[in-house]
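Note sheet for the following structure.
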Amino acid sequence: MNSAAISRFPIPDLASLPEDVRARIEAVAEKAGFIPNIFLTLARRPEEFRAFFAYHDTLMDKETPGLGMAEREMIVVATSARNQCQYCVIAHGAILRIRAKNPLIADQLAANYRKADISERQRAMLDYALKVSRHAESVDESDYQLLNAHGFDDEDIWDIGSISAFFGLSNRIVNMSSMRTNEEFYLMGRVPRGK
Amino acid sequence: MNSAAISRFPIPDLASLPEDVRARIEAVAEKAGFIPNIFLTLARRPEEFRAFFAYHDTLMDKETPGLGMAEREMIVVATSARNQCQYCVIAHGAILRIRAKNPLIADQLAANYRKADISERQRAMLDYALKVSRHAESVDESDYQLLNAHGFDDEDIWDIGSISAFFGLSNRIVNMSSMRTNEEFYLMGRVPRGK
Amino acid sequence: MNSAAISRFPIPDLASLPEDVRARIEAVAEKAGFIPNIFLTLARRPEEFRAFFAYHDTLMDKETPGLGMAEREMIVVATSARNQCQYCVIAHGAILRIRAKNPLIADQLAANYRKADISERQRAMLDYALKVSRHAESVDESDYQLLNAHGFDDEDIWDIGSISAFFGLSNRIVNMSSMRTNEEFYLMGRVPRGK
Amino acid sequence: MNSAAISRFPIPDLASLPEDVRARIEAVAEKAGFIPNIFLTLARRPEEFRAFFAYHDTLMDKETPGLGMAEREMIVVATSARNQCQYCVIAHGAILRIRAKNPLIADQLAANYRKADISERQRAMLDYALKVSRHAESVDESDYQLLNAHGFDDEDIWDIGSISAFFGLSNRIVNMSSMRTNEEFYLMGRVPRGK
Amino acid sequence: MNSAAISRFPIPDLASLPEDVRARIEAVAEKAGFIPNIFLTLARRPEEFRAFFAYHDTLMDKETPGLGMAEREMIVVATSARNQCQYCVIAHGAILRIRAKNPLIADQLAANYRKADISERQRAMLDYALKVSRHAESVDESDYQLLNAHGFDDEDIWDIGSISAFFGLSNRIVNMSSMRTNEEFYLMGRVPRGK
Amino acid sequence: MNSAAISRFPIPDLASLPEDVRARIEAVAEKAGFIPNIFLTLARRPEEFRAFFAYHDTLMDKETPGLGMAEREMIVVATSARNQCQYCVIAHGAILRIRAKNPLIADQLAANYRKADISERQRAMLDYALKVSRHAESVDESDYQLLNAHGFDDEDIWDIGSISAFFGLSNRIVNMSSMRTNEEFYLMGRVPRGK
């Protein structure tokens, strides 16, 4: 494997991309300081790029009383680890560290979410996310009752399950395209700013 | 369970929906003669509705030299069966019967795709789709070589894997929301027209 | 694969069969209007044919207060689906549709029995049937207590488990011999008579 | 659990049994010196008793050029061990020791058939038997080719698969009825006669 | 495979071994009347030999109020059976028969510990040992509470889990080196002394 | 869970420990700058402590022509990730980063070793280590042949398998005792010295 490759599939020239796709990439590059490989890998198919990020954004760029943005990232890290998706674990681990202002939580969740420093409520959230990820066929009312008892309402449960389901899609695309993880993610959020 | 319910979540009033969402639903209703429940279930969240169907359409409403529309539906039926998604197996089984002009193929694939009346090439296609669905972490170059040897090019392989990944998302949303299957799908494509 | 073949093994000439075996086949042919392939596949070994159908008949051609004939077929469809036995799912799906006078139930059970239109009692029956099918080693008193609480007596439980076990045998023989499904089964029980 | 019980279900009085069932039990008792519990457990349902033993006898009381009687018992022990069936492992382990005139082989096969003192041909036989037992849905022509290359003809392969399938039924009935193993089996065939 | 070989790896000459290693082997040979193959297999690497037996002895040669020596052997037999380790099942099955003064218990546990003649307390002990062996990642406080309720204190639970974990190591070394089982173990403890 | 706890079990006072145990702990503390929790957790049982570290050291503190020290740590990280052992993944991830002088490799291996920047030879090494970890019962000569073809001799293969087996023990003890990971490990080896 060429360790410099971004993915097994060709990466399009940015200049050749549709305006909205290029604008989205330039925006993320300006904010992050680099272009995460998922943008470059999907850009070759603009329709899939647009649908993927539209779905992503509506689930992830949201803060509700029942489900914070850091908690949404927790779901991504825990389910992606079980699906063995290198890019998702490392990139979203970085985002989680930043959103949770916690340099340890991502590695803990990736290794074994049951042993991470999380609340009982978050443990129930992740148990459900993993169930949707691995055994969705057996989800039933008892799952809703358990999560309701932990203070999640039905809309939260839809979000938890949908994030798990959406990243199941993302995990599979990353693995099937052998997408590489940008090196910038590994250290992000680990060292306190100002040090 | 109330056997008349469409899903565990509330269904919005059509009149309350954004114009584009309602238009899409009316279009499918006119074409099919009824509204498939997946449209009603997702409509409550217009952003997710739009992203879901945009992703779906770009992968499924496509005919390429390497991968026909009926073959795309084969992938849906075989992977959804393994994920135990009732709606996807029955609804896309109906579409497959129509596209393939074959009243038997969907039930064969749903039960055991290895014993269905398909070509060796289609068997390789489904083996890969199932691998992406169940063990994407171990996809590697040997999978590409095998599929290339059967005449699939890399873009076809991206399509096969993406369809499997996208319906993995769909399967999980259906199961987590206990979405019911419209009764119209069960018989569709089974009886030759004109009889 | 020759799509016209009945099974991977040779099919004997009906005239060459022992009298009782031929009589049984002629009886089923007269009743059904065709010869289900399981009869033709097993006829080559008359002793196995006799034992197989004797076991089948004593478990399936029985109606008890606790377990109706349609419920017995439900067990066959749900467990055979999990064992990926094409013939058993499709042929017994047809019989179930007829016995339950319900054109939808077989496809629902085959896809995901947890989401089918069945009673809580039938759900418990199928949970147990699946446990015997997949994890019989861990059946214990708690299973009997649960089923007793749903109104099944111990003889019913023996029946449920035996049907699951017997069709586990049948599923394996079908798969190992690549037995084909008769085309007649696919549509049977789907269209109301007289229409 | 009452350690003296034969099974979870009631055992009928021998005098009350149909003549043929009682005769069969008396014959085995005379030959073995005791009544194996499988006979007593099934006798309460004479039809099932007759079908079970008819199927058993036609598969097991047979010696063909390709598959000896000891090899048939090897299949039973190796597949029953994987299904965690105590009665089948211990009772057929005893029969295997006697038929193979080998006091070690049954314990070796029960623990890990891949490490037992068997031929390459027998290893291929057991690999196939285990595949039928655990993953029959994926049996295909490559299995036949491999076994043919080891000198098994198609009738032998039918036998191997059928023995595996039949004892899968037996294993499930034993486990669901918590049938006990007769104490006589444990030591049988371990100590050379005359010592 | 050469059925006379002790393991896939070379066995050192006893005379060439470090004094302490040879002394340990001579002691066990004097006590048992033969040298168990695990000693000969590990002796080639004296440091590993010393560490392995030191760990073994501190866990197994111990009798506490909560966990007897026979119960420790039960753990070895039940977990090694699930790991398919021929040597461990047969050799420790022999030791268990002797320590428990019960010629049947080892074969029962090896086949299916849930159906063995053990107490409810021992069943809970083995359930936990198997959980550590197969799913240690999900051990949590509920396991401790359950075992405490059965009268095991936390030190007992450490012992149960450690024995399961240590023999998981042993099982893997035996399987990776294809270590043979000494013939002496098979019959040991089966026939009452003096008969 | 008290996030400050070291493990679920009590930690002994260092002053109360046997001389050799305390000396070992002081040595590692001096070298690392802190006491890794595995030392504190095991110290309560000095015999187990001594055996555990003796086994660890003889396998890990070794550099052979066929297997470097960094490669030994690769085996630990890849197998511990699959066993979901938080402490082992994070602590040995740190050691691997240092030994390999590579800040990225540990996170890559923990997420999906098949997608890490490693050689074909190292991929074969890890495939075998994972097979020993998850399916040791099926290790056979073909594994040795494959590894020999990659330049590993039989002693290397013993080492690879033993490291996998030993850390399987370690993973289970960590999970059963809910041992926490020292915070120092998370960042170790990620930032080049001098920055």
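Per-chain numbering from 1; labels A, B, C, D, E and F assigned in written order.
As a working rule, a contact is a pair of C-beta atoms (placed from the backbone, for glycine too) under 8 Å apart; a residue touches a chain by one contact, two chains touch by 3 or more.
Being a predicted model, the structure only gives us computed values, none of them experimental.
Enquirer: Can you give me the shortest step count from subunit B to subunit E, moving only between touching chains?
Expert: Contact-graph shortest path, subunit B to subunit E, evaluates to 2.
Enquirer: Considering only chains that satisfy the touch condition with subunit C, which of them also satisfy it with subunit E?
Expert: A, D
Enquirer: Determine the centre-to-centre distance between subunit A and subunit D, using the mean Cα coordinates as centres, and give it in whole Å.
Expert: Whole-Å distance between the two chain centres: 51.
Enquirer: Indicate the whole-number Å distance between the mean C-alpha point of subunit A and the mean C-alpha point of subunit B.
Expert: One centre to the other, that is 24 Å.
Enquirer: Taking each chain's centre as the mean of its CA atoms, how far is subunit D from subunit F in angstrom?
Expert: 44
Enquirer: Which residues of subunit C are in contact with two or more other chains?
Expert: 84-85, 112, 137, 140, 175, 178
Enquirer: Just spell out which pairs of chains touch, all of them.
Expert: Every pair of chains in contact is listed here: A-B, A-C, A-E, A-F, B-C, B-D, B-F, C-D, C-E, D-E, D-F, E-F.
Enquirer: Mind listing the subunit F positions that touch subunit B in their complex?
Expert: Interface residues on subunit F, with respect to subunit B: 112, 114.
Enquirer: What residues on subunit B touch subunit A, complex-wise?
Expert: Against subunit A, subunit B makes touches at 8-9, 45, 47-48, 50-52, 54-55, 58-59, 83-85, 132-133, 136-137, 139-140, 144, 154, 157-158, 161-162, 164-166, 168-169, 171-173, 175-178.
Enquirer: Report the residues of subunit B in contact with subunit C in the complex, numbered from low to high.
Expert: Touching subunit C from subunit B are residues 1, 3, 81, 84-86, 89-90, 103-104, 107-108, 110-112, 115-117, 175, 178, 181, 183, 186-187, 190-191.
Enquirer: Going by the contact rule set out above, which residues of subunit E touch subunit A in the complex?
Expert: Touching subunit A: residues 137-138, 140 of subunit E.
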